[in-house]
Every structure is written in structure tokens, then in C-alpha cells.
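To keep things simple, chains are lettered A, B, C and D as they appear, and every chain counts its residues starting from 1.
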Amino acid sequence: MSHNTFGHLFRVTTWGESHGPALGCVIDGCPPGIPLTEDDIQWAMDRRKPGGSRFVTQRREADEARILSGVFEGVTTGTPISILIENTDQRSKDYGDIARQFRPGHADYTYFAKYGVRDYRGGGRSSARETAARVAAGAVALKVLQTLVGGIEVRGALVQLGIHKVDRDNWDWAQTAENPFFSPDAASVPAWEAYLDGIRKAGSSIGAVVEVVADGVPVGWGAPLYAKLDSELAAALMTINAVKGVEIGEGFGAAVLSGEDNADEMRMVDGKPVFKSNHAGGVLGGISTGQPVVARMALKPTSSILTKRESIDTSGQDVELITKGRHDPCVGIRAVPVAEAMVSCVLLDAYLRHRGQTGGRVHEVGN
Amino acid sequence: MSHNTFGHLFRVTTWGESHGPALGCVIDGCPPGIPLTEDDIQWAMDRRKPGGSRFVTQRREADEARILSGVFEGVTTGTPISILIENTDQRSKDYGDIARQFRPGHADYTYFAKYGVRDYRGGGRSSARETAARVAAGAVALKVLQTLVGGIEVRGALVQLGIHKVDRDNWDWAQTAENPFFSPDAASVPAWEAYLDGIRKAGSSIGAVVEVVADGVPVGWGAPLYAKLDSELAAALMTINAVKGVEIGEGFGAAVLSGEDNADEMRMVDGKPVFKSNHAGGVLGGISTGQPVVARMALKPTSSILTKRESIDTSGQDVELITKGRHDPCVGIRAVPVAEAMVSCVLLDAYLRHRGQTGGRVHEVGN
Amino acid sequence: MSHNTFGHLFRVTTWGESHGPALGCVIDGCPPGIPLTEDDIQWAMDRRKPGGSRFVTQRREADEARILSGVFEGVTTGTPISILIENTDQRSKDYGDIARQFRPGHADYTYFAKYGVRDYRGGGRSSARETAARVAAGAVALKVLQTLVGGIEVRGALVQLGIHKVDRDNWDWAQTAENPFFSPDAASVPAWEAYLDGIRKAGSSIGAVVEVVADGVPVGWGAPLYAKLDSELAAALMTINAVKGVEIGEGFGAAVLSGEDNADEMRMVDGKPVFKSNHAGGVLGGISTGQPVVARMALKPTSSILTKRESIDTSGQDVELITKGRHDPCVGIRAVPVAEAMVSCVLLDAYLRHRGQTGGRVHEVGN
Amino acid sequence: MSHNTFGHLFRVTTWGESHGPALGCVIDGCPPGIPLTEDDIQWAMDRRKPGGSRFVTQRREADEARILSGVFEGVTTGTPISILIENTDQRSKDYGDIARQFRPGHADYTYFAKYGVRDYRGGGRSSARETAARVAAGAVALKVLQTLVGGIEVRGALVQLGIHKVDRDNWDWAQTAENPFFSPDAASVPAWEAYLDGIRKAGSSIGAVVEVVADGVPVGWGAPLYAKLDSELAAALMTINAVKGVEIGEGFGAAVLSGEDNADEMRMVDGKPVFKSNHAGGVLGGISTGQPVVARMALKPTSSILTKRESIDTSGQDVELITKGRHDPCVGIRAVPVAEAMVSCVLLDAYLRHRGQTGGRVHEVGN
């Protein structure tokens, strides 16, 4: 990962600002011969799209992903896939104050100090709007994984909204499509609605935790030591706007476990190795174990709030500012499909490199 | 980060196995003209060295880091610095069982499945012994940072040992050199000794949390979007053996904060921007803010324990195994200097790229 | 260089096929604060544009380069610059034969064998049309070089058309803008016109040699050993369609030189080091010397000719084919601005990395 | 290629100076399960070793390549292979003049200007001694290629010594092992001996041309557009000391060819595609064609000669200097095994990436 590109053999470069004419990505190294249409991408775009409920930004974007290259007669050709998403709802307005003031907790100040110039409209490059391009790339990655490897599912859920966690005994993936929070726990929804309505009406915001589970990942993906699968997942998730923490498997909970409790014991069942637990979250020594890959990320509350905060401006004056405009009261919600997309891209890239170095076969016990 | 190399302009490649003749690293892209001797490295090696107390592995290694290239007449030349560390205490013994059995919670099984072959002696490449090479590289990075930038300190501490956390009101960096845990809280030490003695005598192990703070990092380091400073820190820390979670600033705690509480407000003080808090942990939008960079990582308990666990072997048979030998009851302790090293390398690499793209100057407010 | 991206700190990714809706590039790592408009790019696009004379393809393209991101209020922001060039003159026609047959000397067969699928329309990804995106990127690189470093000029010329070489005694850079060949030798033009008219009317094609000279490059750019400036130039030029050879300075002529003749002697003149000759072509040990950087590349004749050739098709049948359509009788001509663009990008990338590792200062003798 | 590393999935990092204690390389990404011993490397080291005849430097080095990691019980493990070669014949002497003077045509001045410091002993990092590490890596690459793919041979020859070219009608690979020039033309040897004896005794030096042919490379390797196989070969060969030009197939000769003459026509023979000629040198569109891959490189004469030349020194004074010591009168000779090594590494790296992206199968016509 470097600059605005991530991945090695399956490599994604994103570009674009919140209020520019368009944004997009170039996907390079995609395996050839994979059936791919814009519909394979659009369903994922729609999941992340703003304006879907009162709990996300009211900006209206069609978020239509247009494929400009790399696909011919319905299949990928192995050449770069350029995807373009037009911005259509950039409101023209006076940015006077935002242009000169730094929102506390936002990237405004650091972009200014680093570059001396920034596109302040809607956060410019640092806006979560950029994640639309990631979702497009992730949809391509998932399609490739499901075509080449089969049996892989990458699914995310919101597991904590501020102080409220889901009840894992109620976990039902199907529920994530049935409520505006991507919650897997139907019982959580009424309380979350009331809680987030209160925050939204107060012009405030709140943090969250997102969990992504990849089922069906074979053993062997990931390349120790500095391309460990968990390291690449951590890097990828930490690039998502507002993310401040990343965990694999037990994560921070592992700190209080004993070696006995943490060990995922194994048995042979029907001639296959089977783990009796998954504290590891599907990764040992940086290599996938064959169990579900489980990653979580914590997101801070968005810094765009209606409460007055102290800050400074570009001329070096103290100011007090509030941030008006259309914002997500909890950026964690729309981060769910973004996290899925990043995990999909990381997994495919790990698979392709694994196939490159080793041929991709699994060495089975007893052979 | 890829394969066994991390970094872009300041790039470190490590090699070597636990029980091979030696291990080491090649540091490439080091700025020229930096005074550097083996003493600049050895103090760091000594902090990580095994055998220092009863709470770490009893393996005895001098861990002498020898510079083979890239330094001439006492200064770096800009060419690759090769560092060699000989292994001297690899006990010759019968590895019969370990050679064929997979320790639960260890990389044994995944290396086998991925590569079909592995150096099983002492964990081979997946052994924490590899981190000696990282510590050498980190010492070089720190020397460069302190020479070129000045005023930077990178310090780590153990902040949680199993269920016991330090009392942050007692925080004193000087204490980390005074106890075998790198604890910054002198008051924690007696309880930790008793607690870990119990675990050690039971042949068990326990997890931990390590915190690293980099003071003196200027504003502007880190390159959005996929070379964000926090993303690179997360990737680097997650490559350390046994790490399962990484946080920046408030980390997972940010999930329960409101936008008001999380905002780090700013004021001009003596003509300089000053933050009134540091929930961000020194990184906003992937770029350093000028405040201390704060990262934490959670480590699982080592999988090498004396309690019998169920597993399988290479021939596909169920087995029950215990792991004898010299091991750390809490790998988190010796991970402290390793985490410092990784943070130092990431910071220097970010600085060099920042200097490359922008010239390295900070754009100050009011200009 | 890898996949469809070249460069390290100044990094260019291109995408697009000859007959797709558009093509373009993403420029990443561009220094911030550089004034940049579409006009800064368009003049270069116009030099490469098809349809300018009877000696190049008659395809008509406006080749308007549109900046979609990374520039705000007229200056670069340090974020990715996405440039889009629409294809407007892709003739709809029956590609039946080309779709199934492999043109001898063309990439048709190798793309088919590698990917199993290819966009056969106009050569798809392997078409020289892709070089439009390179020229756009090169124009940006040149603008940055001239802004940051100053005094740099990167100029190309056609120095050999088939068997006809320019007379170097007649060299006048201004002439390259005055004839359809980019020839620096006005006296060469009539003979070249007659020669190429003959080839063109015969439906044949011919090879060529292009030379690029970069004046004003300071000493110190390039990073031994595997990022040597000459190695990066060679790699970049060799990626241009039809290029089969690359030289620096004396090039293949150096094989017959003695050490005495090849040595570029030095003297101090007005307190500055001055070379008395430039056999090295401005690069020693992979690092620029401060003299003009001189690179040459040889291009084969285009494989699209009207003479019947033996080949095979996708069904494994022998065929005889001729290639109709609009083609360049000498692809070397329009390769001149492409070569300039690649050299500009390589130089800027080398400069930024040099600035990153060393700070960018030159160590002068006598200090 | 960047810094001191080349390759992507099969990646080689070299380190070391001419007169340091040792030099070596780290090979990362090597496929696992390949039988590998030090003997597999030593034969190649011996071909490049100094002191083999009066036509090469009289420095005496055993050049024993020692494997320190990455191989266990005789097979590669997929982890980094560290190879160490000790320097044993660095003569201790007074380097006073060389330390301060810049040899014309040498990297002395550019290293000084770039880094401000250099290891002047024997050329330091810029010495051809570094190529010992490349040869070790190339031997590993060749072993892997021959194990995984089979049928591949990579062979080099000196085809031009100053003004004398080999007679290609006399080409016999076996002869390259029978004379001190790696000449494939036995008839060339007496004349070359006399010619080079004259140059050697005069304290002069001369340039040369080396050709490498890789037989048995399947169709499909190389990744357009910026990882074209020919581009990677050009980059790799241009990093070799003294190389000033690189060609593929017809190379610069292609400039005078017509499209008819240059086209490599194809026919189906026994159900397989067969080319009737190989002007392309085995690469079309950046992808291997299945024909022999043919690359040539031109080397300048070494700059270390006994004739007095004008130069300057570090204090900014004009000087006249001659270069005593042990040097190659024609560096092209010992560059033959180095070129073979670089080609082997490039090919393996291309193969592994091809296998990664596409699975590695060839799409055959008629299917």
C-alpha cells in the first residue's frame, strides 16, 4: 500500500474529490476471463449509497459505476479496469468559512500543513465519498474470488453503535439487509433507532464498531512476514475514514486470555483437519487457517457536528466553528460495505500472490 | 509491505530462522552521512535480548549486531546496510515430535499447508527470534530520525499484562528501564511479578497490551489515502508475532465517544497551533498532527505451553501434545522494543517520502 | 514498473483500449502547489495527435485531455490527478477477420495465448493509442520539473528513418517543430518525404531511431544499483510500442571504444566541475552527472501492412492476411513526443526519490 | 526495480562493497519445495570468478556462496534465502589518491556529489564485485525455472570484443566453456587473444557486446504495459556495470527493416503454432512468444586505465591521474554470467506473476 494505490498483483488506485466532477478507480492485474458487468458492481454501490435512510447523509448520488476499459464482450481481459462514478449532487454554495477554518478532529489542518493547499469543498480528497471507488473495486474482487475459488462469502455487520452492542446470540446475516444499520441482530434495531435519532437531532455524532467475516477462505493465503494476511487486513481497514482500531479474531480480548484458552485445538474429522474454535480469527502466523477470517474495526464519530468547537483558521486566528451541511451521524453505518470491499480486495490479492509463489495448492496432511 | 520487506524509501528486508546459523536484515535507502556505529544498534539489541529475567525465555544469545556494509569511516554512505546476528544457542536436540505435530495456536499448521515444508526447529521463520533483526533496523531508523529531524523520541511500555493494567496516573517513562516488564508504573511491578510467576510456574502463558508513543513528530507525515501514517503503523505492528489488534489514539474507545468529546480542539498559543487534547493519537486523515503519535497493540498468549492440547500431525493423525522448551510466558514483554523499532522505521519512511513529494516543509498558518 | 503503473514517488497508471469509450491515466504523488491547467497538457497532446500529416495514421482524434481530480483553483493539491481522454473516432466496422487472425509481428497472438481473450478492435490495449495517456502524464512531469528545479528541457528528435540518418552537423532543435518528422536536420526532410511516401504508397512500413536529450538535469539523480537512472530510462523507453533497443550516450558504439577514448575528462572551470566530453550520455554509475542526459531508442516497423503475410487464426488454421485500416507507415515519428514524456516522468521520479533520501542537495567539490 | 532490490514476486536484494568484509543477497519469494544446495550456486560463481585467465582481474577470491537461511533439509522453504560471500583478497594499501580523485568515466564523482561520502576502496558499492551476488541469485532462479517449468536454458556469449565480432555461422554454445572469452566461435579466439593482449599490455581497455539467449520459455510471460518482458530485461541488463545499450531480437537493426521483412510469419505445424523467423527476439507486445528470448547488451571499456587522464579532486583541484591496480581489460567478459543471471531472475519473476494473475496456463489455438 502506498500513495493512492493498494494491493500487489490485484492492485487498486483510487482518485477523486468529494466535489469534483467525478471519482473512480483503476483496477490492475485482474485475472482475465471473468464475466463482469456493471450490474456486478452496482448492487454493492447501492448498499453504500448516501440518502438511503435518515441515519446517513442526505446527499443524493446515483453512484452509477461505469466501466471504461478492461472488459470486452462481457469478460475481463486482464488489462486495467477503469471505473468512473460521476458526482452529481455537489451543491454549489459559499464555502467561505470552511475554506479557511480547520474542523477539530478532521483532516483539514493536516492537509493544509502538509500540502499548503487543499480542496476544502466537502472535505476534498479526505471525504468518505472516496470510498465509493473502493466499493466498486471490492465488488470486482468478490466476483473474481467467487469465480476462481468458489464458496467465498465476505459479509460485514455493525456490531456496536456507540455504547450499544449487538447480542451475538441473535446473529442472523440475513438481518443486515433488513435494517438501516447493517445490524445482524433484529432486536437491536428499535433501540438503535431511538439512540441515533437522539444524536442526529442534537447535531451530534457517535462512533461504532464494524465486523467483517470472510467464509470459505482456504488455508494458505498470506505471505509472512511483512505481507501477513492480518497485517494487510489491518492496513486496509485502517485506511477507511474514521477508523482508529483494528482487530483480528479475539483482538484486544486476547490480552487477557491464557495460552490454554487461546489455543484453537484441532482434530481430524472425516479425514480433514478441523479446528475446535477460532480465537485466531482465521489467521495464524500471517497465513489463513481455512477457518472464517474475522476482522473488526472501530470508527470514531464524525467530526462534523453542529456544536460549537474551538479551532483556528489559515490566517492563524482563533475561531469557534460549527459544521453545517449533510453528514452521517454515524459514519460506521456506511463503512460496512466499504470494509467488506477492502477485505475482498485484500483476500484476492493474497490469493493471487499465493498462486504466484506456490502454484496455489494446499499441502494436505497425510500426504 | 510485501514478502519479507517493509518500507518504501527506507526499506528493511529481514531474513533468517530461529535455529539457522544467523539472521539479519538489509536496510536500504538509508540517508547518507549519518554517523553510525554498532554501538548505536547494540543498546537496542540488549533491551530485546532473551535471558534477561525469569519472565522471558532462557535462551542465551549475545545478539551482537555486526554491520557488514553501507557504513564507511563511521558514517552511512546511502548504500545498503547489511546487519548480521549470529545464532549461538540453538540447542541440538531431537525435534522428532515437533517436526511432525502442529502446536495449536501456532503457525506450524499454516506454514505446512502453504509451503509443504517448514523449518520446524524453534518455529523456524515464524519464531519471534526474527524480531532481533527488526530491532537492529529500528535502532538505525531512530538514529537517522534524531540526526535529521531532531527532538524525536520513540518509547514503548507494557500497559496491560493479562487482566492487570497500569495506572496511568503513575506513568513515568524512566520506570520502564527499572523493571523486567517495561512497565511505566512502578506500583504495578510487585503484582505483575506475582501474577506472572504463577503463570510461568504453571507452564501457562498470558496476553498483554503494549503502547508506543512517538514524541516530537512534526505535522505533515503520512500520505493519504493508502499510505496513511496510521495504516502503516497498523500494518507494521500487526506483523509482530502474536499481535491480534492495533489501535491509534482512542482506538476502540472511540466507538463510544460523541463528536463533541472526540474533537481535539485547537487554539493559537504563542503564534503556534496547539491542540487541547489528543484523542486522535497524533494522526488525522492519515497525516501526523504534530502531537504525540500513540499506538497500542494487543498480543495473544504464546501457544507454547506445558498443558496438554489436542492437535493433529503431518500424517493426519490426532495427537495430544505439550510444548517443552524455553519460552516466554508473556511474549508481550519482549515485544516492547520490537514495537518501538517498527514505529521508528515507519516514521522515518514516512518522513523520507514526505520530503520527496513536498520538500518536507510545514505550511504554517498565518503565512 | 509493474503492471500498468510506472514510477515510484511520481507514479503513473494508464488504462484504456484503442476503441473503448476513453482512455486515461492517474498521476499519483505529484508535488503540491504546482500551477497546472489543461493547457499545460494540451500542447503535448497536439504534438502526438494523429492526423497531422500524411505520414501518420489518418484517425481523427481531438485528444482533449480533461483533468478530473487533483487540481484545485489552478494548482496541484498533492492528491491523484486523473486525466481522461475520450475516444471519438473509433470507426464501427466488421472486425470479423482481425478478431480471429493474428497479425505477424503484432501482440495479437501473445495476448490471446496469455489471457485467452483480447479486445481485438484496433489492437485493444496493445495499440499505440495508449501512449496518449503517457504524453499527458509527461506534460505534467515536465511542468513540475520546470517549476521545482528550473532550467530543464526535455526534447526529442527522429534521428534515423529506415536507412536515412540525420546529419548531426545540421542539428537544430527548432527544426523539429517545422517538419512532419520531428527531424532536427532541415536538409533531411525532402529525402525523408520521398522515402516515406514510397513506403506509404506501397502499403509497407519502416523502422526508425528516436533520440531524447534532457538538458539541465543536475548531478545526483538516480539510485544505484537497481534504480539507476539509465536503467529506469531503458525500462521506460522499452515499454513504448515497437521499441526493440535502447542506448545511453555512446550506447552500442561504446563497444568499440578504448578506455582512453571513452573517458569523459574533467576540469575545474570558474570553480565548477566541467566535463570535456559526454560519452556517458549524462549518467555514470546510474547517477546523473550534470551533463545532458542522452537516450536513444530503435523502433521496428509497424506490423500492420498491406502485403499478404502467412499466419494462423484462433481456431488453429493457417491463413494469409493483410492489414487494412489507418496506420502509421513509421511509428517512430509519433513516438518522439511519447519518448519525451517517458523521459520527463523518469527524471521527475528520480528527483523526488533523490530529494527523499538525501534532501536533494548537491555535494560540491571543495567544500 | 528500485533501490537495491529487483523483481516483484521473485525479488533479489543485494548488498556489499568491493572491500568490505562480505557481500551478498537476500532472495525473497522463492517458490518452496525446490531442491537447492550450495553446489547449485557455486558452478555459476566459478564462471564469474576473478583470476581465471590473464584477460580478467588478477584479484583472487574463492567466491564461496554460503546459504544462511531459507533452505531446510535440502529444499527451499518459501522464506528468504540469504546468501553470503566473503571478501578475502582486499589488499590493504594506501588509497590516498583514489580517495580524493575522481576517475574519468567512473562513478566516483557522481557518488560523491549525490551522497557526500563514498567507500572509495576498489570502487565501493559501484564495483563490479557486487555482481557476484547477482550470479548467486541467478543460479537459484535458474534452478527454480528448470524445476518448475523444465526445458529452459539461459546461456550467454561474448559476441563482440571491441571491433571484432563473432562469425555467427560458427556459433557453438559448447565453445563458450572452452575459451577465456565465453566466445561461441572457436575461430575468433586466437585473434581475440592477440587483440586483448595488446590492450592489456598497453594498460588500456576495450568495450564489448554480450548476447543472452533463453530457450524453452513458454508463450505468455510478461505483463503489459509497464511490466513488459522486454522492458524488464532492458532494465535488468542496464543495471550491470558499464552497460550502455540493450537490444531485444533485431534491436537497432530493426530500424532499417520494412514491415514485410520484420514480420515473423506463423504456420501450424503438427497442430502447434510455429514462427518462421524470430526478428522479435521472442517478445511481442511485451509478452513471450514461445520462441527463444534474445537480448544483447553493449558494455563500455572500463575506466580504470594506466594512461594519464585529466580530472579533478574532492577539494576542487585539477589533477592528472592514472589508475593502477588489478582490473579487467574488458569487463564484458565477466559480464556474460552476470547477464545470464539477470535474465534468469527476470524470467522467473515474470513466470511467477503470470502464474499469479492467470494461473499460468497457455490458451492454445483451436480450443
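The rule is simple: contacts are C-beta pairs under 8 Å (C-beta built on N, C-alpha and C of every residue); 3 or more make two chains touch, one makes a residue touch a chain.
It should be emphasised that the depicted structure is a prediction, and the values quoted were computed from it without experimental measurement.
When each chain is reduced to the average of its Cα atoms, B sits farthest from subunit C.
Over half of the residue numbers found at the subunit C and subunit D interface occur in both copies, marking it as a same-residue contact. The interface at B-C recurs elsewhere; of C-D, A-B or A-D, the pair that shares more than half of its residue-numbered contact pairs is A-D.
Centre-to-centre, using mean CA coordinates, subunit C is 26 Å away from subunit D.
Computed centre separation for the pair subunit A/subunit C is 38 angstrom, with centres defined by C-alpha atoms. Looking at subunit D, one finds that residues 3-5, 8, 14, 29, 32, 78-79, 114-116, 125, 223-224, 358 touch two or more other chains.
Touching subunit D in their complex are the following residues of subunit A: 8-9, 29-32, 78-79, 223-224, 352-353, 355-360.
Subunit C meets subunit A in the complex at residues 3-5, 11, 13-17, 20-24, 26, 28-29, 32-33, 68-70, 72-73, 75-82, 84, 114-119, 124-125. Remark: subunit C residues 1-6, 8, 14, 102, 104-107, 109-116, 125-126, 130, 160, 162-163, 199, 204-209, 219-220, 223-228, 230-239, 244-268, 271, 273, 276, 279-281, 284-290, 298-305, 307, 309-318, 332, 354, 358, 362-366 touch subunit D in the complex.
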